[in-house]
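A single structure is presented below for examination.
Labels for the chains are A, B and C, by order of writing; each one numbers its residues from 1.
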Amino acid sequence: MTMKILVPVKRVVDANVRVRIGSAGGVDTAGLKMSLNPFDECAVEQALRLREAGVASSVTVLTCGRPVCQDVLRTALAMGADNAVLIDTANASPDSLGIARLLHAFITADTDTDTDAYGLVLCGKQAIDDDIGGVAAMLAALLGWPQALNASAMEAAARGWLVTCGDDAGTATWRLDGPAVVSADLRLAEPRRVTLPSIVKAKQKPLRTVDASTFNVPLGTQIRIVDMAEPPVRQPGIKVADTTALLGAIGSGRLFQNVGA
Amino acid sequence: MSHYDFIVIGAGVIGASVAHHLAALGAKSVLVVDRSTIGAGTTSQSSGLLRTHYSVRQNVELARSSWHAFNNFADYVDDDEASCGLVKCGYMICAPEGDKLAPLQASLDAQQGMGIEVQLLSKAEARERLPIAQFDDAALIGYEPEAGFADAYLVATGFARSARRRGVKIMENTTVTGLVRDGRRVTGIETSAGTFSCGALISTQNIWTPELAGWIGVPLPVKPERHTVLALECDAAPYTFNMPAFKDLGSPGMLYFRSYGGSQMLVSEGVVGETLNAPETEQGDISLDYVGEVGAQVAERFTAYEMAGLASSWTGVYDVTPDWNPVLGPVGDIEGLTVGFGFSGHGFKLSPGIGKILAQHALGHASDVSLAPYSLDRFASGALLVGKYGSGAVS
Amino acid sequence: MTMRSLVVGEWKDGAIADATLRVIRAVSERGVPVDVLTFSSVMANAAVCVDGVERVLLASDDVPNPETLAAFLQHIASDYSMIAASHRTAGRAALPRAAALTGNAFLADITRVVTAQRFVRGLYAGSVVATIESTGATLFATIRTSSFAPACATGGEASIVALEPIAPFTATVLIDRQAAMQDGSDLASASVVVAGGRGLASKENMDTLGTLARNMGAALGASRAAVDAGYAPNAAQVGQTGKTVAPDIYLAFGISGAIQHLAGMKDSQIIVAVNKDPDAPIFSVADYGIVGDLFDVLGELDAHARATGDAQ
């Protein structure tokens, strides 16, 4: 029995772009280069590998935002995803809970007894713009599913999934029974390159838009940014004469923290 | 207030070259200011191609003297450790039957007439040099062995280091806010670090030249044009360092190619790019559709690249003038000011030559190549320096 | 309207975790009573002594999995306006889940407490500092413990409240734990990175740098110039069009410091630069700089690394 994989993705300011605080006190992303969130890219890759291994029948990528977000869906389709969905949030700016609620509503509505159900939601562990990393666990809560965050390896198990996750002391392997939500670390899967033929093929794949309002989910936010500021400037450093002086300044314990590990 | 005989605004590869040459030619009191760090503007985004092929004769001469500098960089700046990162892989150019054929023939003839080694290759010979490409439709294939690519940022910092060694002061992270005038004469600059007076000012401000235009109240025709560069990976047909850089006049986008990292292919279009609303060097969006279009053109010439993967991509910005050639020399009747801007995508390859003639001009010496054809006046008088291939970066 | 704070406590090496003491201090700055949630009587007995704690909640005697912990928090959330934990694995897994179960918001990695409802955290990998106002009933949040001093572990006199056990979440089962194996080869997540630039001058020299990296348990990176020259593979490139890294230590050998490279490593905790050019831009961001022959430093560091390895 196979199942479908859902990969929620986010369109974010490209990792290499220096964001600046504008005169209005916020970050204006208009004109900045935007990209598929790097952790989500790894999630797409892992989902594709599971499909290629015969574990899943299809990979659906989904994003919540404005129509301009379709470009990251196209990138995922060019990587090999089967179909894409844009949930158009119009003027709303939902927080993590709002996004999780939308995803939950979509999954519930999309579950069709004639076709495969979603057996896995695989997303990036955090978005590189807000760095909150809350959606995966929140969605798992709403679905009542087991969760595994910061995954660095995973495989299908008899009744669910075996996932190895990075944690404070190293890694831990968890068995998740039944459908689950897993969030990806960069180590989970190195994303494949988009190829020229796949760019052409992607144009034929389904990409549909759904209004967020059809899900009847509150899209407000309970956290409000009231101020943004630049961080303190990195203080200039010092010159040291030689290696011995360097070891004295940093401490060989810190410099060789990984030796013999 | 500090006084310098010469002040240069802009420490990109052109400004750094000017500074080196001023000092090398004997100037003792030189200041360079840059709003950021050396080479941090459009210089660092250069694809670094070096060739002497041009259809505008004056450019051939500048390119030739510049090539000599790149080919002997350590000697040129008198620094054993200096390197420009040169990969001397040669430069190949081809055209099919059509409107690019006659201009290509004329350019190759002109180069040969100026004593530059240019070989005319058969399709088989071309394939030997660049086995990953096919030349079925090529009507004319030129190859210059004394060419390749180098690292623009290294060159900028190399020139800057040489300049500093010769006593030039370089102030980074210093923004120029205006000029000091005495009638029609420029006598100094106002900056975020104070006011400095000068005997002569040289502006090499690239896409920020419009700021200068504002200070002097004279329009200077230059606009920032963004260009996309792709790095493609094809395991079946790696683009290695011994394969020549290549210009395909048969492709709709007038693509140029070179090795990237010894195995990937760097490719970019040589036609008009996207004009920006304001000068900035931040990365722009690159759509998958664009990648697909360029990829299709690449695959025409490099058939294995039909299956290539996109390894990375980035954008760079050119300072473009109406005829895709630089503006060099004085501005109207303003005394004490020399400009060098509008390199339109071939500043780096001409930077040693340009730096020298701008320095010569500022010092009141005769310049190796006349600045007259590059005068700002040409836009009004109609004596444009249009390359025979039309608009685009091969002039 | 209840305005208490709850800290989800951690136990480490036979004592209240230092991280927990710092979270207690952090939420104390809200100016409202603080409770601590514990999972063993030993831990509860230690927690009652912490200065600033009013009540210690004692849940089951086993540390629950994140799903079970989230269910616990769901049961008691209505008593609290804020539920906090350190920004470590357990809190990052359980708190957002509990937030969703109770219809509340979640914030990660708070670095400052401004008022009972206002907090500071970073956006865009810390390049923007944002002040956030929380408007919901209960805010769930993880705390960056390095931004706060620890509360005093003695002097407190809290009372212990036993909680009713709840049914555990059984669909998630811990199979195995593996201790941290830092072979460092993963550039993006390595805590120590050794990077080489054009100054290495050859692939062979870059390979020597690679040996140093291996001996130090570090990942090997390279500047675009070095990759362009063929000294290092594209996958090792750090910077714009390459990888962005934020290790504890970044050692830059023969790298001049072009803006595109700096963009990829500027968030490193400590940057060390070795370059023979005193004007190299890298020195303006380096915490420690050595102007000199990188091969000398490379050899000396390698000798120290091997000696350290041998001694272990």
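As a convention for this text, contacts are C-beta pairs under 8 Å (C-beta built on N, C-alpha and C of every residue); 3 or more make two chains touch, one makes a residue touch a chain.
What you see is a predicted model, and the numbers here were worked out from it, not measured in a lab.
Centroid analysis (C-alpha atoms only) places C farthest from chain B.
Interface comparison, A-C versus B-C: the pair with the greater number of contacting C-beta pairs is A-C. Here A is the chain whose Cα centre lies closest to the centre of all protein Cα atoms. Mean C-alpha position of chain A lies 40 Å from that of chain B.
With centres set at the average Cα position, the gap from chain A to chain C is 19 Å.
Inter-chain centre distance (chain B to chain C, centres taken as mean C-alpha positions): 45 Å.
Multi-chain contact residues of chain B (touching two or more other chains): 283, 311.
Annotation for chain A: residues touching 2 or more other chains are 16, 18. Touching two or more other chains at once are residues 240-241, 284 of chain C. Here chain C touches chain B in the complex through residues 198, 225, 227-230, 233-234, 240-242, 256, 258-260, 276-277, 279-281, 284, going by the rule given at the top. The touching residues of chain B, counted against chain C in their complex, run 36-40, 44, 81, 83, 85, 87, 151, 153-154, 157, 160-161, 164, 170, 172, 231, 241, 260-264, 283, 311-314. Those residues of chain A whose C-beta lies close enough to touch chain C in the complex are 13, 15-16, 18-19, 21, 27, 95-97, 100, 126, 128-142, 145-150, 160, 162, 164-178, 180, 185-187, 221-231, 234, 236-244, 246-247, 249-250, 252, 254-261.
Every residue of chain B that touches chain A in the complex is listed here, in rising order: 233, 282-285, 287-289, 291-292, 295-296, 298-299, 305-311. Residues 14, 16-18, 31-34, 71, 74-75, 78, 192-197, 199-200, 202 of chain A touch chain B in their complex.
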